[in-house]
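Listed after this line are the structures, all set down as structure tokens.
You will see chain A twice below: alongside chain B first, and alongside chain C after that.
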Partner chain A sequence: MRLLALFLITVALAWLSLSAGRTWLTPPEVTRALLDPEGAGRMVWHLRLPRLAVGIMAGACFGLSGLVFQTLLRNPLASPDVIGVTQSAAFGAVAALTMGAPVMFGAWAGGLAAILFLGWFATHPRRGLETRAVVLQGLALAIFAGAATETLILRMNDNSAGMALTWLSGTLNGVAGPEVGRALWLLPLALPLLLAGRALDRIELGDDLARALGVRVGLLRTGLGLCAAFLAAGAVSLCGPMGFVALAAGPVGRMMARGRPSPLAAMLAGAACVTLADTLARTFAPAALLPTGLYTALIGAPVLIMAVRRMARG
Partner chain B sequence: MPLLIRLGQLWLAVVLVGIAALCLGARDYTPAMLWAAITAHDPAEPAHAIIMGMRLPRVAAAVIVGAALAVAGVVMQAMARNPLADPGLTGVNAGAALAVVLGLSAFGTLAQSTTAILALMGAAVAAVLVRILAGGGDNTLRLPLAGAAFATLCMAVVAVIVLLTPEARNIYRVWMVGSLAVAQGQTLAALAPIALTGILIAILCARQIETLMLGAEMGNALGLNVGRVLACGLAAVSLTAGASVAIAGPVGFIGLIAPHLARHSFRDANLTQQVLLACPVGASLAVLADLAGRWLMRPAELQVGLVLAIMGAPIFMILVRRLMRESE
Partner chain C sequence: MPFQTQNLSIRLGGKRILQDVTFNAPVGGITGIIGPNGSGKTTLLRALAGLLSPDTGHVLHDGQDLGRIPPRDRARRIAMMPQTAQAPAGLTVRELVARGRTPWLRPFLPMTAADQGAVDRALAACGLNDLAARAVDSLSGGQRQRAWIALVLAQESGTVLLDEPLNFLDLPHQSELVSLLRTVGATRSVMMILHDLTIAARVCDHVLALRDGRLVAFGTPADVLAPAPLKQTFGIDFSCTRPDGRPVILPAAL
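What follows is the complex of A and B.
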């Protein structure tokens, strides 16, 4: 029931996003535009629809990856943007940009390097992976990758530096057909995670209990973690590291699924968050064109404060 | 007097690093030229002008910022009973930065004193908020997480303000990552006393803070005024962190590393001794980081905040690893 409500909210926000902008469209006009891609609907089909589609895909990927990391690390704050996966992916993307390589591969390389490093460095010889160590070392990794990215940007000329800075706060400006194609690449990665709800449920019980229930914890954690890192990095390559989406989508999705880690709910929450933020970015102060990521940060912040408070009490 | 000897050695290191920082840069000078610039200063000579007019304020700023942040780190780590506390990681620097940028956008340009006051208030509010957010008990994990979250939020608001006021953008790009390039003689003269006051408070209350951290009941029994000691600790942290943000922007990791190095340099130091030792350690770290940033990529330069993040993050990771191994 709640899941249905979340779905309806996402659809409504998507509809709003299609009608909002410099010229507002009434609902009948949106319908007419959607039915007529070449005539009256050119603007919607060429500008707003790709932007919406990429925003939804990226938001869903961030949300899913956030939920998976938060569950695997048993910490409501341990999303990819807190443990440095997002920042490393952004570093990889900027490095690829300066070298003229495809951005998506750069981002994937960065995200993969981050998760492999954390997995290796936080593993105790006898006790295995220590989730607390992953979170703390991830915090430092995030700062490190951020500083390394800044170093790259300092060597750019002013124009590309300005663009890179906007991109680094997360933006959907300039998104068009090719990005939609790239976004579709992420679907096969999202599928295994979407089906992993039951496995996540069991991992949540604790390593020992999960093992007793026949879950191969180590293998599952590696597989899910890698998938989630690829998803987050892919989303970064689409729209930059949007702050707080992954962080907020997990707890919201959980709330909507009555406390269970539901991948579908987290995806919807992430998609809704990015769609809402992008609509705000295009309607409020459109001349300044603030990056969408700033609005996601402002939307996500209250969720975050709630999560920390709950963690402090529990 | 082994402590005095150790302190002497550490301050000697600061002097040596400082001399190196005065001599090296986009253009290198010999120590003899440095001596000439100090003893027989000739404003018409470009080398003298560079050494005395540009490098000296910068080195002085680095010494003050480094010492202040190191003291802030020592006090925070003691008060939070958390060896990973640091004004950067716990969001105190970000809070101060947000306050300064808010002031900049509201009033245009700011006087030195206003900047300092805003930074102090921002630092104090952030320190209290993050501490409340993180809750008590074993907060090894929660304090840095709450701090990181709070810092991200502050920085997002800062970015909104800066993007809406284009004239602030250039200051922001240099200052926001932590830079000593903007430090000038007058700024320093106005802000150094604030940082020094903070360090002095820390030295004076260190013993009481240490006693208090044994437990509030114990502190009461020993006749401590708990509220006053906590207020003193908060004042020490916000004065030192706020002043250094006002001088150099948010600079991270000195507050984390310097206390650990200080404790390493002198076994079983009590908190007062730690504060005293952390000053020279932090100062030489900051001077070294600034020198590295200016020298390695010359003629371009890497801001001190970036150098420290790149140097400091791996050290933080190693600390965490050791901490986890110890807590068997």
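What follows is the complex of A and C.
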């Protein structure tokens, strides 16, 4: 029931996003535009729809990745934007940009490097992966990668540096057809995570009990962790490191799924958050073209605080 | 016999935790594992659950090498309650107990009527019928411990491994849980880690004593819970008396 409500909210926000902008469209006008891609719907199909689609997919990727990391590490803080995966991916993307290499591969390389670093340094010879160490070392990695990215940007010329800084806050400006194609690449990575709800739920009981219940915890943690890292990094390459979405979508999705880790709910929460944020970015101060990431943080922070408060009260 | 170990040795992070442990655990009844802290009790239990693979030697379960049984099949045969288990916030007792059905569930499909029946039986066996809808984190220590045991029972495995099930319980709850464990031991093979030697002497059919990762003794409580093997295990003197015909075992210095 709650999942259905979350889905309907996301659809409503998507509809709002299609009608909002410099010229507002009424609901019948949106329908007409959607049915007529070459005529009346040119603006919607070429500008608003790609932007909406990429925003939804990036938000869903961030949300899913956040829930998976938080559950695998049994820590609500352990989202990719806190443990440095997002920041490393951003560094990789900016580095690829300065070298003229494909941005998505740069982001993937950065995300992969972050996962390997954390897996290597936080593994205790006797106790296995120390989930608390991952969060603390990840925090250090996030700060390090952020500083490295700023160093790269400071060496750019003013124009590129300005664009890079906007991108670093997370923006959907300039998103068009090619980005939709790249976003679709991420769907195969999301599939295993969407199907992993039961495994995630069991891993929450603790590694030993999950394993005694027949769950292949080591294999799943590696596989799902890699998928989640590639998803977050892929989303970074599409729209920059959109703040707060990954951190907030997990707890919000849980609230919608009666406390259980629900990949679908986290995806919807992430998608809804980015869609709303981008609609605000385009309507609140359209001339300023403020980055969408500013609004995800503005929405995400209070929603996260409310979700945690509700969960703490049971 | 459920478990047969042969020269079982386990190293973790370069440190030798278990060395040359060889024993045959009999079918049915309760086997207690005793030993001082750091003697390798939990490591032995994790090895018996198939969570650790031996460096040398092997563990057989019903004559089959444990390492060759796929995890899901293994979980249908051997259940374990580790000390590290944690109940996620807000989970109800029934939901927690239902997690024990994991190795029996069909992928991506909900529980069957048979699964629900197993959960009902486990709840009833542990006296949790009235608490089934309560959140696990709102229970008292004794109730929570019974919920974890119910999870293990719902797994319906022939062998049950318990890591210190009596820990952190007051005496009334300990005595209540011991009678529950006795009924479990009547139909399944139970191996559990215990600290209280008097309880071990009264509940267990067999006792296994460990010291520094080596097997000190394996046998009936009368044989193992005697002053000489206990001194060998713990390094201190024990007084083993029978004031009313039943054993009481305490450090002699107390």
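As a working rule, the second predicted complex is superposed on the first by the 302 of 314 C-alpha atoms of A that agree within 3 Å, B and C clash if a C-alpha of one lies under 4 Å from a C-alpha of the other, contacts with A are read in each partner's own complex, and residues count from 1 in each chain.
Quick note on the criterion: contacts are C-beta pairs under 8 Å (C-beta built on N, C-alpha and C of every residue); 3 or more make two chains touch, one makes a residue touch a chain.
None of these values were measured; they are calculated from a predicted model.
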Simultaneous placement of chain C and chain B on chain A, clash or fit: fit
Superposition-derived angle with apex at the Cα centre of chain A and sides reaching chain B and chain C, degrees in steps of 10: 90
Which of chain B and chain C A:290 touches, first, second, both or neither: first
Touched partner set for A:259, first chain B, second chain C, both or neither: second
Which superposed partner A:146 touches (first chain B, second chain C, both, neither): first
Residues of chain A touched, compared between chain B and chain C (which is higher): B
Touched partner set for A:124, first chain B, second chain C, both or neither: both
First (chain B), second (chain C), both or neither touched by A:215: second
Touched partner set for A:99, first chain B, second chain C, both or neither: neither
First (chain B), second (chain C), both or neither touched by A:202: second
Superposed arrangement (fit on chain A Cα atoms) - minimum chain B/chain C Cα distance in Å: 12
Set of chain A residues, in rising order, touched by both chain B and chain C: 124, 311
Touching residues (chain side chain B, partner chain A) in the complex: 84, 89, 133-135, 140-142, 144-146, 148-149, 152-153, 156-157, 159-160, 163-164, 173, 177, 252, 300, 302, 305-306, 309-310, 312-314, 316-317, 320-321, 324-325
Residues on chain C engaged by chain A in the complex (per definition of touch): 12-15, 46, 49, 51, 71-76, 78-82, 84-91, 99-100, 102-103, 105, 108, 135, 137-138, 155, 161
Chain A - residues contacting chain C, complex: 74, 124-126, 195, 198, 201-202, 204-209, 211-216, 258-260, 311, 314
Residue numbers on chain A that touch chain B, as the complex places them: 75, 77, 82, 121-122, 124, 130, 132-133, 135-137, 139-144, 146-148, 150-151, 154-155, 165, 169, 243-244, 247, 285, 288, 290-291, 293-294, 297-298, 301, 304-305, 308-309, 311-313
